[in-house]
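We call the chains A, B and C, going by the order they appear; numbering starts again at 1 in every chain.
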Amino acid sequence: MAELNRAELNAIELDGVVKEYLSHGEVVQAVKGVTLDIAEGEFFSLLGPSGCGKTTTMRMIAGFEEPSRGVVRLHGADVTNVPPNKRDINMVFQSYALFPHMNVWDNVAFGLKQRRTPQEEIRRRVGEMLEIVDLAGREKRRPREMSGGQQQRVALARALVNRPRALLLDEPLGALDLKLRQAMQIELKRIQREVGITFVYVTHDQSEALTMSDRIAVMNDGLVEQLGGPREIYEKPASAFVAGFIGTSNLLTGVAAGGVLELGGGRVLVPGRDGEVTVTVRPEKITISLDKPDGEVSVVPGTVGEVVYLGTYNSYAVRLGDGTEVTVFQQNAHDATTTAERGDPVWLSWPAQHSYAIGSRSTP
Amino acid sequence: MSHLHDPAFLRGMTQPRTRREAFRIAGLSAAGLALAACGVQGQKAAPPKADAVKDYWSKQTKHGRVVFANWPEYMPEDQAPLKKFQSETGISYQYKEVIQENAEFFGKADPVLRAGQSLGYDIVVMTNGVQLQHMIQLGYCVALDHSKLPNFAANAGATYKNRAYDPGSTYTVPYTSGVTGIAYNTKYVKDDITSIEALFDPKYKGRVGMMGDAQEIANFGMIALGVNPEKSTEADWKKAGEKLKAQRDAGIVRKYYDQSYIDAVSKGDIWVTMAWSGDVFQRQLAGEPVKFVVPEEGGTIWTDNMLIPKGAANPVDALMLMDYLYQPVVAAELDEFIQYVTPVPGVQDILKEKAAKATGEDKEALEQMVASPLMFPSEADYAKLHTYTTLTTQQEQVFNPIFQSITQA
Amino acid sequence: MKRLTPYLLALPSWMWLAVFLVVPLAAMASVSLQTGNAIDGFAMTFSFSNYADALGRYSTQLVRSLWYGGLATVAMLVIGYPVAYWIAFKGGSRKSVYLFLLLLPFFVSFVLRTISWGFLLADDGVLFGTLKGWGLLPADFHVLATTVAVVGGLTYNFLPFMILPIYVALERVDPRVVEAAYDLYASRTAAFRRVVLPLSLPGVFAGVLMTFVPATADPVNAQVLGGTGNTMIGNIIQTEYLTNLNYPTASALSFTLMAVLLIGIFIYARALGTENVLEAAAR
């Protein structure tokens, strides 16, 4: 991509951003060099376990932290050393950080007042925004008089009312219960589509990221492990870490010869690979059968261990000849073919395109 | 940081008066609680009848112990006089330095004695003044049995046997006396101060210390006007009040001091001040540039007195200790340490003899003491010294406001 | 029985209140209306004129005490707020060390500390003696025995009681709330004025109460550091109680002082908006 286009297309750019702290006299790198382009209007997630550097990365975008090295650009302008109050982006904080001494209206109007927006316009925009987040009529409430979901929406309104060029959300749903969280995920996505601005979403919850994001950056240990769409990340994890962190994944390791990995009396197809290799395959891609299947598929024998009934599907733990345990999900469809039980010898099989040889740089 | 090594500075930091202040405040709350607990009853005592006194003493016996409550720095640290008393009489003693201020002590003692309980002390030392007067008036003092005070009869000076505030020494015998006069800092004042007028001299504007105590300051106001405080009238008080008010309004007075005047004059915060003789004498011996004079117009002599509080457990032993302290040799030993005016005139000769035998620094110090008018005032000195005015309760209610309205404006 | 248990458990506190608050106050109220003297005794005459007399004689000192107490409180606020702010937000892991250092001088008795100030501020003492030696101050410059010394002493002596409640309030302010203000375009000043300050008001309220009341009633600073014309109402009450044994006047003055302070606190609470303060405190 030409540099010229990059600035036009991207809301946010990080170039080789590093953040170092001094902790007990030692330099600790929280972020070890992140380069990212986040496009205008994109729903972009930073996903990773706690301590992976995702929050620090977001705080550098917001301006609460200054990068030790590297450049942060917003819409092409270098803002690396610009304080947060001079950046045209807003943030929804973890646990919301609403102003406890102000009512809903004053919370939402805060940013507009700081920018000296005319009274009339403030009234109109705050009113509209409270409509959007479904809080009209609750203007006089104090934050502590509201439920978690309502507070969440106040926080969202407080940020969005300023019509920022981008919205940063730091684990915004973390404090909500599952039902509400799922509802809010859909709500957030709807609002994002309506207002059409860039969302940068920090979360450790992979399902949340997969549900809402256009693109996801999976972070680990201060670095981006993989950057891509939800499907790409799920189906083609670039590392054992990503494979393990996103969903459930089986890792099979061995020495391949001529595109075939011999494993405990079976074979795993790894086209074009030779030598030491790790293969990942998702549990739901595997078929379990009592008879050895035919065709150009990967086939390995094993013995059924635990069988767990999970409603829409069953989960099987199958032990291979070399001791590796493989998880298999099988739909409880009306025509379910297998009724394998504990102790049964079975065959596991999957098409070659569902297993990927990955670099095993790191493990979760 | 030469100041930190300044002995005056260090001593100032550890002055006992700091504790006095603390006790004063504790006393305030104690008084409040006492009032809450029992309300306020009058207890004016009639003068004791001779029979009753005899009757009281005939019932008392020696118990072999005595508790002595006194002021700080009023007893040699080794307590030698008391130890000798113990070995000679077999009476064991407890010596407690619990009295820091008359008002505060009275404030604490009043509710206890009012309730008819014992203070836990057999001898208490109080200065002649309002509080001692109240102690006597309220019947808080045991009338003394003078048949058991032969040393007092034999050795006390005439002026100490007949004191206006306790005629006939009915309730008290003196422990020691002191003089209120003028002290000045010779570093700042180059003239020899002789007159009380120095305290009113605009030359020392803002550098004069006066005492906050109503009696002390009233005396000096009257002495400055040529009035004898002992024979003063209400009109004299008012005139003195005017003079003192004018002195204050002219900005001559820096502050109305309590015990802290001695630090202030030693440091040079004030240059000329009303002062108590013993304090100044001790500072002089410590090498500080302070000098004490009894103004030619006169000064005040006050006395700290021993008394037996009502309800004392061991009055006979107390009486024996009181009398013991009137042996000239014992009194001399005591006075050599406290350096105020002893009520036993014979002490001067004893110290003279001791000085003759001593050598070096000891000799010098003893000679200084013997020659000091602050410890052994001459007849002429005594003639100039007035005592506090004895006031009735009604007079007090006129007297106090006149002078407190000046010191506590 | 079970229903009574909480009341029984509260009984000691009620007794404590009764013995140490209600009874003394009632007794003091009674004494304040009596006449007489310590020797002949006091009798209840319901002489409300005690109050008029006491006020007539000592209104100067009462007004002066309120004035000094107010000045000292303002000074404490001006000094204490930044200190509390600094410890709460910049203290980092050493917060407790700073708080300890702040409290360290207060392990020494109140009176002794005040007297030490007398030494520090002596005309030719450590501070002014040195400055005068360098010719930076005129020879007759002095602070002791002036209003400045008394108000300064009050300020110093009660400062921790201002700092600690403010510190506690500031400490409770979520740093993310402050960040939210920055994020919403507030400058440092605006974030402080619109967010940090309002959130710390309960601390300020408590701090002012805890300092103004004792500072106004304090007798020690005026006595040790003051000069002529610096007498405060606490000194007067003390003299009336201990020296003059004029219990009715002392009681009447104590009550008057208490009433004036209570009214002052009430007005202050209204002015600051108790509702907001209490609400913020209830967070």
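In this section, a residue touches a chain if its C-beta (ideal position, glycine included) is under 8 Å from a C-beta of that chain, and two chains touch if they have at least 3 such contacts.
Predicted model, so just to flag it, every value in this text is computed and none were measured.
Participant: Would you indicate which pair of chains has the most C-beta pairs in contact?
Facilitator: Greatest count of contact pairs is found between chains B-C.
Participant: Most remote chain relative to subunit A, going by C-alpha centroids?
Facilitator: Of all the other chains, the one whose centre lies farthest from subunit A is B.
Participant: With chain centres taken as the means of their Cα atoms, state the distance from subunit A to subunit B in Å.
Facilitator: Here subunit A and subunit B have centroids separated by 87 Å.
Participant: If you average the Cα atoms of subunit B and of subunit C to get two centres, how far apart are those centres in Å?
Facilitator: 36
Participant: Could you please state the distance in Å, as a whole number, between where the Cα atoms of subunit A are centred and where those of subunit C are centred?
Facilitator: Subunit A and subunit C have C-alpha centres separated by 56 Å.
Participant: Would you mind listing the residues of subunit C that make contact with two or more other chains?
Facilitator: none
Participant: Sort out for me which residues of subunit B touch subunit C in the complex.
Facilitator: 1, 3-4, 9, 12-13, 15, 18, 21-22, 24-25, 27-28, 31-33, 35-37, 39-44, 103-104, 106-107, 110, 130, 134, 137-138, 206, 214, 248, 253-256, 258, 260, 263, 267-269, 393, 396-397, 400-401, 404-405, 407-409
Participant: Spell out the residues on subunit C that touch subunit A in their complex, using ranges where they run on.
Facilitator: Residues 174, 176-177, 179-187, 190, 194-195, 198-199, 276, 279-280, 283.
Participant: Hey, which residues of subunit C end up touching subunit B in the complex?
Facilitator: The contact residues of subunit C facing subunit B are 23-24, 26-28, 30-31, 34, 36-42, 57, 60-61, 109, 111-112, 115-116, 118-119, 122-126, 129, 140, 142, 144-145, 219-220, 223-224, 226-229, 231, 235-239, 241-247, 251.
Participant: Taking the touch rule as given, give the residues of subunit A at its contact with subunit C in the complex, in rising order.
Facilitator: 62-64, 83-86, 90-91, 93-95, 97-101, 110-111, 114-115, 142, 144, 158-159, 162
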